[in-house]
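Can you keep this structure in mind? I'll have questions shortly.
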């Protein structure tokens, strides 16, 4: 079942080592078929060179396995919560990519220092707080998703304009319209995280990019007036 | 038309991923045929592994497409302005290469800390200010070129001796007599940007290289008394 | 003799350059056959591309060579001491991997800043003191092992939950149930060392991950209630 | 002439890009035949993928070309001065390798923070001063060699125990008994430079490795009591 989505999720997973975003098995990509109400996700702890489209795991929206086979990623409950609350997304990525994770460990959001950031991520990439011991105990992975989505709602952040978040002392999640776009955003986030750290090293008083420049670059690539690329409108 | 220049611009574009200067499509190279008054530039948003000499875009000096085909790089208007004002250059490169972009985000020019820098870039690499909201609104890409060329003119900088600039909160542009030389300068800039940042980390009081050393190295490679390499004079 | 273990130790040694943990010959892996009371270790100073399973060196637990052939790694006496005192380990790795060695040179243990660390290393990675001139003179390599194991005993550290140590001004040792697991832990340590340094650069006041989060991640992967991966219990 | 040495020098030059020590043509290796009183050195400005054993350049000890062919490296006069004054060396390397050059730009010698350093370089790697404008004018490349060798003599440094130097605002030179050993030392220097910078970042108060530890590691690999590797004595 869901052969096309399994292939897509498999290929998106394989991009993580290609782009240097994962060591060992420290990452996972999922995709959703919203019509069927099913998600496809990487199996837990299986090495990337052992992955095939066939061993991707299918779950319903409550997290039940709907086929015999591997256990899903241990982070599946976070993915499910994000799919449930961010209704327009089609793919999710979690990694421990080095620079983004370093910001998460530092407990800081990533300021928008330039156009590379503004091209894809509108504003500061947020860093959500630690879960409480009670929240961890009650359901660590699901509550990670609750924390992220509550934060976006509370801060009135548009998850389509800010398709990335850092979880404090943990690492990043990114998403997009499809699994490939979620991986694209994971690569952007890592590059942006690296350059922001170096920017602050070079100038500890560095200021964020002016709003007018951020707007120009974001809307050059997104929305009805976008003119980057070959798209027709 | 312009088959030889298209091939040259294509090959110069392909050097950007080879030298690790671009992620995804974040860079572009152009070249100019000054006799014909035409430039050749990378198409906008097309991935490097999809590029061919044939899909390079030909523009006249006002930016009009002179052949059917792809849209040009969204930065074409900046290239055009540089070609119009820097009359001896034959190629231009724009990237978001990591270290040079980090300096641009930090809003600092790159001091000349050593001979690697002095061999190719005479003096501090300048970092030009942000455009105003009005300048962005009026014509972001063209005004980027106006800002750069006005800055060189105002500071009496020799664009042939300083074939590089940083745009604040954005990234670098480099140029040269031909597209390959512009790419060469983009690689030099990235290497120099990396070593300058590390130099300041190792010694926050580091001073610029003495002028006599800068002169020695620059003129060992440039001008009538150059003796580096195999060239005959 | 010990063909299977020699092959395992050989393959584990070859993973060190694959994972970028060694320059030249600066690392070694060993394994133990506890029933036979014999260890297998890399020969001293032999380049990785010259290694074969056959030139691995077999030692008894007093360090005597039990076959003709190469000299063992000069660090063999450290390995022996660790095997003697850490009775459940089956493999040991020593490298001069860049980030872990930088922490060792800095004389600091590596704080647990996040879940990447907590997934495999329970608590702060310890950094043991320098040997005294007398200890060096008396038996540098053996006393390195004595220092490490005494430290774990004195601090009541569980060597199975903390399979890594830094030796001040020297570098890391890691271990595991088997040679491959010891290499896995060496890779984890290097990645964790890198991210901890960057974390402190990004936020000099960064705090360790909350204990509840460390526990969650460590026990998600270890012990009777682990649920990461495909293992059956 | 000197076919064997040309081949050796060629192969040693080709190791520079292999080990990531050079960008473009920014490095050179030479070797000496002391019986013949001739040196072999890389041609100036020739790209590494164009090098062959045949285009290596032969010079006498006064720097005269003794065969038709390419111009020698512009740094040949520095090499000659080092060969003249350091009578036991057989090979020299100059690069602009990134970390070593960053220390040179910072104007600091590299403290011995650990055993990786002590294994090959006995004590702090020195950083010599800038040449004066008069010294540059009078003979830049030769006077670079004079400065280095005078410094070693004045400081009573043993060039065999410290086969490396940094030239302020320029970059490193290393040497050894043969071209390959000189390259080996260039790789060691780069690795040590990287780890020393990171060490200071992790602990700005980091202290040098104790002398007893430095001695132990240096003499474990060098001199009559060495026991590292497979050598017989």
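Order of writing sets the chain letters: A, B, C and D. Residues in each chain are counted from 1.
The criterion applied here is as follows: a residue touches a chain if its C-beta (ideal position, glycine included) is under 8 Å from a C-beta of that chain, and two chains touch if they have at least 3 such contacts.
Which chain is which protein? Per UniProt: A, B, C, D = L-ribulose-5-phosphate 4-epimerase.
All figures in this text were calculated on a predicted structure; none of them were measured in a lab.
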| query | subunit B and subunit A are one sequence twice: same or different residues at the contact, by the over-half rule? | reply | different
| Compared with subunit D, which chain's mean CA position is the farthest off? | A
| said: Between subunit A and subunit C, what distance separates the C-alpha centroids? Give it in angstrom. | reply: 33
| message | As a quick test, compute the distance in whole Å between the mean CA positions of subunit B and subunit C. | response | 47
| message | Multi-chain contacts only, two chains or more: what residues does subunit A have there? | response | 200-201
| said: Chain contact topology under the given definition, line, ring, star, complete or other? | reply: ring
| Chains that touch, pairwise | A-B, A-C, B-D, C-D
| query | Given the complex with subunit C, which residues does subunit D contribute to the contact? | reply | 113-116, 184, 187-188, 191, 194-196, 198-203, 206-207, 209-210, 212-213, 216, 220, 227-230
| remark: In the complex, subunit A touches subunit C at residues 23-24, 26, 43-46, 70-71, 74, 96, 98-99, 101-108, 130-133, 136-137, 140, 169-171, 197, 200-201
